[in-house]
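Data first, discussion second: the structure below is written as structure tokens.
Each chain carries a letter (A, B, C, D, E and F) given by its place in the written order, and its residues are counted from 1.
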Amino acid sequence: MKLIMAIIKPFRLDDVREALTPLGVQGLTVSEVKGFGRQKGQTEIYRGAEYHVSFLPKVKVEVVVTADLAERAVEAIAKAAHTGKIGDGKIFVIDIERAVRIRTGETDAEAL
Amino acid sequence: MTRWGKTLPAALAAVLCAGPAFAQETGIDSGDTAWMLTSTALVLLMTIPGLALFYAGMVRKKTVLATMMQSFFMAALIAIVWMVAGYSLAFTNGNAYIGDFSRLFLSGLAESWDKPFVMGAGLESAATNTIPETVFIMFQMTFAIITPALAVGAVADRMRFSALVLFMILWSLLVYAPIAHWVWHPAGWIAVLGAADFAGGTVVHINAGVAGLVLALVMGKRVGFGSENMSPYNLGLAVIGASLLWVGWFGFNAGSAAAAGPRAGMAMLVTMIAAATATLSWTFAEWISKGKPSVLGAISGAIAGLVAITPASGFVLPGAALIIGLIAGVVCFWGATGLKHALGYDDSLDAFGVHGIGGIVGALLTGLLAYGPLTATADAPGGTVVGGLALFMNQVYAVVATIVFTAVATFILAKIVDAVVVLRVNEEEEREGLDVVLHGESLG
Amino acid sequence: MTRWGKTLPAALAAVLCAGPAFAQETGIDSGDTAWMLTSTALVLLMTIPGLALFYAGMVRKKTVLATMMQSFFMAALIAIVWMVAGYSLAFTNGNAYIGDFSRLFLSGLAESWDKPFVMGAGLESAATNTIPETVFIMFQMTFAIITPALAVGAVADRMRFSALVLFMILWSLLVYAPIAHWVWHPAGWIAVLGAADFAGGTVVHINAGVAGLVLALVMGKRVGFGSENMSPYNLGLAVIGASLLWVGWFGFNAGSAAAAGPRAGMAMLVTMIAAATATLSWTFAEWISKGKPSVLGAISGAIAGLVAITPASGFVLPGAALIIGLIAGVVCFWGATGLKHALGYDDSLDAFGVHGIGGIVGALLTGLLAYGPLTATADAPGGTVVGGLALFMNQVYAVVATIVFTAVATFILAKIVDAVVVLRVNEEEEREGLDVVLHGESLG
Amino acid sequence: MTRWGKTLPAALAAVLCAGPAFAQETGIDSGDTAWMLTSTALVLLMTIPGLALFYAGMVRKKTVLATMMQSFFMAALIAIVWMVAGYSLAFTNGNAYIGDFSRLFLSGLAESWDKPFVMGAGLESAATNTIPETVFIMFQMTFAIITPALAVGAVADRMRFSALVLFMILWSLLVYAPIAHWVWHPAGWIAVLGAADFAGGTVVHINAGVAGLVLALVMGKRVGFGSENMSPYNLGLAVIGASLLWVGWFGFNAGSAAAAGPRAGMAMLVTMIAAATATLSWTFAEWISKGKPSVLGAISGAIAGLVAITPASGFVLPGAALIIGLIAGVVCFWGATGLKHALGYDDSLDAFGVHGIGGIVGALLTGLLAYGPLTATADAPGGTVVGGLALFMNQVYAVVATIVFTAVATFILAKIVDAVVVLRVNEEEEREGLDVVLHGESLG
Amino acid sequence: MKLIMAIIKPFRLDDVREALTPLGVQGLTVSEVKGFGRQKGQTEIYRGAEYHVSFLPKVKVEVVVTADLAERAVEAIAKAAHTGKIGDGKIFVIDIERAVRIRTGETDAEAL
Amino acid sequence: MKLIMAIIKPFRLDDVREALTPLGVQGLTVSEVKGFGRQKGQTEIYRGAEYHVSFLPKVKVEVVVTADLAERAVEAIAKAAHTGKIGDGKIFVIDIERAVRIRTGETDAEAL
């Protein structure tokens, strides 16, 4: 199994989720993160004190899929999250050794 | 039929109380003045922080500050517009359609500041008050402030700040001031016609609601409207805001009696009853039709009731207030949900759905339910504002006139401002959010 | 011993001021009316948004909105209950235990709206006021609203909304209205007995505290109570709420003088002093016993002092207020911490620990510390409310009677409502949180 | 030149109104009293929750609660300090520099509570008011409360709570009370000198601003100042706070007329105009120089304008208010940005930049712009406070005297308290944040 | 070493932590996440606009343990987080190549 | 490629970011987390109910770098995040199989 970790623009989240469903992905986990990268943020000013906002709001999507599905899942995410503008984000793939569904104790593929 | 005429008996009373010798010298009543000073504070409280919170509580995180800024800045901007020319255009004699320039920059106060205020001095329909003109100017200023602040809710999340500033200066002078003159100055054509608007159902709410709707139509829907989740970031703010609006509304309506007497008492009582009934009727309507009574529904109902009772507040008894609130809650619920979705426009915070529609409901019901004796005077023992077909027709007339004038004038001004500075931010800016884009700030 | 009798001198003054000719016509005083209108706004401010924030600031994120809704909805619900029957049951003559139906739907106002209000008209203990009845109705309505809103804090996070609505309608009519009649109507048995409650220590606070405790016992503890971390989500809201309660309390206590005279001034002063002292005493008690002075402790102390001074506010001097605040702060600190944990009930937001106990402390100390001259009248130059053993015993009597009646009646009503609609949400719903479960909303 | 003398005409009026027979008995006017009770509530509202929110909205998440606590606790602490000795030191005759001990613990009220308050009784410059002393004590108490609460903003995020408590007790008695006596008591040397401070530009704002600056210099900069991002956690709170400060300021300034008459009306009007103009001027100054109009800028401008108009509010006409607001907005913008960064001190929330500088601007402009007729009396038809070189020099004198005295006294007290309990938390505690370190609480 | 990443119901967190202590686990890292899966959320309504809440609040526990401990840690978490109701969550195991304790510079096992 | 996951004290974040730039790291992702470990937190008291705060605010930095850079990146982070006081945090290194830049579709090293 693979853990696909995608950092995307927040407003693309719904599209990404919808893009994964047809592949049979039953679940995923999302967290709000801040991203630093090529995309530059605004400058904030508070009573003359200027702060350059180098960290921009992003959403991290973590989804575990079976190895065979990984490729298509990555493509689906890349397509759905794409706007073509700088700051679209990244997708990383990590190997997962084991998965367990807490409710049933099922493991690996069945756990997803 | 301005409510300020109604203050005559009170004024009389004060004069009597003062005793002849004293009367010559001044007919200012400390009790009435105390209440009007308080009412002024209460109505300002409605806009800042009341409305600022009510609206900011309904938007997404990225525009919370910008939304608050709209109300807060209105308070400052319109105060100056009012001082410079707005007040003069609205409340000096002029003609039936607009005042004159005799009070530009509030000139003349140096002489009259410690005399009781006489509205329409010189006219035989002049109304003597028991408060100084400074207090009248301030009280009316807070009304001039909240009206544009209400309207802008319809275009939340997408209007440029510079456009807002320019537009509202023009709108306040060219749309608000004239309508206030029509309705509340004894020489105004609607006052002469005999339509009744005790505390601003037409001048403030219908006016703001329609202007907001026109702006929403001109500017178009928010990016992602209908597809993306636009649920409020912090409804708690909206509850605080609605609560302060409710409390402040006592100054808005009971203050419109211009004196601390029985009329103010009755106005406060009916205001409370209508707000409460509308809260219940909206809540139960939603509970039944959607399955749950939402907090947003409850506070929206309260505002709907407050809006609807506004034109009626000095003219009706508790029973009538119950009816007005009941109807307003249900009709505005439909206005902010059914109607809006049916027609598909994006009146983001329901300025029209609640204030426009609620104002119309209230104005018309005033025509039917006004209880004469509340406005009885020496020469009109039966009352000057009496519910019935005659009054109802006047109300319809006044409402239609206001809607048409506001709609047309707002549309023209919007187009002009759009041409000059562009009304709307671009899509990317809108996505990023007005807080950081317009003001360089954001919530932590 | 109702405080409304106290207003006679003021009324007299107004009449004198008005001069005979004018007096016949009306004895309404614009200054007194201005203050009572303001006080009404201040007391409503206590509930919305004051109490809504104070309570919402102490709960977990998942029930912040539902907690605000409880206070907000009470304002609407009880307003109507009060208009329909509550006011009539509380403030018409009836008998020693309850009023009659002569004011159902506030009937009769059409005639009396512009006359000064006479409470207990017809009785020889009747008290003439210098304000119209509409204002009296409104002022009292805000008291009827805050009482159930306070009580429900004891069962935060677990009560079903439908049960809350049904329960409070019944409770307001069958528990609040009678007690208000006993204490504040000249014909009420406690008033006749001669127990003193200036602004509602018994009627509002003991009543709410005990009702809350009974509800908490009937409904049981929150899921995870004692084991899970239930620390407040946003104490900042509670600080805002406590601040607004403090400010609004000036209307609650000084407004209970029913006139803008020396008694109102003294009531406001002692209210401030007791609130301040209790803030200090609770804070230092906590600082010493727990090692840190918490913000929640400071605001809780303020509320405790405000509660305790309420019954005494028109009867004591600053020195006595200092003592009342000092004791209230320490005793309520014990009530909300030591006592509660010792007995193990889950009075979630300490409705009993602060309001019940603080009310009892205040009521009893009033019996000892009342300074006669503050209630001096023509026929009772030494004052009508004089601290001493006699008054103290009356206070004990009144307090015990109220506690017993409220406890029993609340228990019965709770059981009935539980049987009809079920008082409490199920465990899963409670875990998910009332915001989304009951109202389909949540904080972003 | 105390403003309380100004109330003579009003008092007179009331007496006239009451009619001789009644006058002997009492000269208390219900309308004036109603307004002063209301004003007192409004000024308390400025500190809690107004200032608590304004300041808490500008700090980082980890000190939001501690910052609110500072304002809230001041309300309790100073109330008691005021009752015990502060009031007596400030407002009893004593000598030209400080009052006496005749009102310790507010003794004497038992006799005088229902008589109209005469300030400086016995002196020929005594001023009769139409309100009871209790109300005067309360109104002034709210001023004594907000002053230290304002000052502490300069050292946000780093002061120990125990040090704050000890320091402010001393400061209130040894710095605030004397200055209040100098300026507002008819026997005070600044009052005798003839400098004018209608509502507290010197006593409250310059005083607080300078004290704050000295504290900031003594305690040093926040850890990470200049290097770390210290952007506000929740500016929304600051907007609510600024709004409540604005509304409450009506009580602060218009209440300083001590009566509900024409002067109060004019004071409210000029207060609104100055606040609005300064909001605009600060906003546009920032827009032009920084590229964006920030929300923090707009609310800061409003406060700057309110501060600057404070000393002038009873002495100027609308046109002058426009000028005062315009200048205050721009100068304070420079004070809170340019000046602060140039000199490099860490006046964290700009207590000096806004209140100190705004107060100085207002005090001096009052000297130039005061319009005589507003203070006309029988013996001084041209007015007692007339703008011009003479008055201007008096103003300069009073301002300098206040700055020097406050700076020196604050410095000494700070050093003493630092020696006794240590003023500042250590670096690790500061990093962790005052909420959890000082109060054992945190925002969820 | 293994990184055990568990997505659980928020109110089970304390139990999970307590279940790990006896195994000698000295530390862990927690983040608030939103989960999408079989468990269905409520519907929210704002002035007639209905939003189906597909993302539910979950807590992500990340704990790094030595390889030999991984098995027992997974079981302990699964047991402590179990309610038997849908939405209990998942446990994933990922291989860690290296660990460093910043304070001391200790690495791998000593770093935990 | 390697995913370096560092749990650090919040106020060290800016230094960590600045320490990585010279190594040519172009981006990173940050999330607010709560940490449980040897470092002990304060006790909070609410009306007599005491809660021991076992979870302390930390920041999680996730940065993906090419294998050859990993070592130096870990050292740079360790140095920048170091205060020497308990609670400084940990750094974990995980293998990444694949990386994609959403905007361009570039993969692996080019994607970073």
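Keep this in mind: contacts are C-beta pairs under 8 Å (C-beta built on N, C-alpha and C of every residue); 3 or more make two chains touch, one makes a residue touch a chain.
Keep in mind it's a predicted model, so treat the numbers as computed, not measured.
S.K.: Give me the set of chains touching chain A intersected with the set touching chain C.
M.R.: Chains that touch both chain A and chain C, as defined above, are B, D, E, F.
S.K.: What is the touch distance from chain B to chain F, in steps?
M.R.: Graph distance in the chain contact network comes out at 2.
S.K.: For chain A and chain F, what's the span in angstrom between their mean Cα positions?
M.R.: Result: the chain centres lie 17 Å from each other.
S.K.: Centroid from C-alpha atoms only, then distance chain B to chain C, rounded to Å. What do you get?
M.R.: Here the centre of chain C sits 33 Å away from the centre of chain B.
S.K.: Mind checking the centre-to-centre distance between chain A and chain B? Centres are C-alpha means, answer in whole Å.
M.R.: For chain A versus chain B, the centre distance works out to 47 Å.
S.K.: Considering chain E alone, which of its residues make contact with at least two other chains?
M.R.: 31, 44-46, 85, 94-95
S.K.: Give the residues of chain B that touch two or more other chains, as numbers and ranges in rising order.
M.R.: Chain B, residues with two or more chain partners: 17, 19, 29-32, 34-35, 38, 229, 231-232, 240, 260, 290, 292, 294, 296, 440-441.
S.K.: Throw together a list of every chain pair that touches.
M.R.: A-B, A-D, A-E, A-F, B-C, B-D, B-E, C-D, C-E, C-F, D-F, E-F
S.K.: Within their complex, state which residues of chain B touch chain D.
M.R.: Against chain D, chain B makes touches at 17-19, 21-22, 26, 28-35, 37-38, 40-41, 44-45, 48-49, 52-53, 56, 64-66, 68-69, 72-73, 75-77, 79-80, 83, 105-106, 109-110, 113-115, 131-135, 137-138, 141, 161, 237, 240, 260, 438-441, 443-444.
S.K.: Could you list, by residue number, the parts of chain A that touch chain D in their complex?
M.R.: 44-49, 51
S.K.: Spell out the residues on chain C that touch chain E in their complex, using ranges where they run on.
M.R.: Contacts found on chain C: 224, 227-229, 428, 431-432, 436-437, 440-442.
S.K.: Going by the contact rule set out above, which residues of chain F touch chain D in the complex?
M.R.: 11, 14, 42-46, 53
S.K.: Within the complex, which stretch of chain D touches chain A?
M.R.: Residues 58, 229-232, 286, 290, 292, 294, 296-297, 300, 336-338, 340-341, 350, 353 of chain D touch chain A in their complex.
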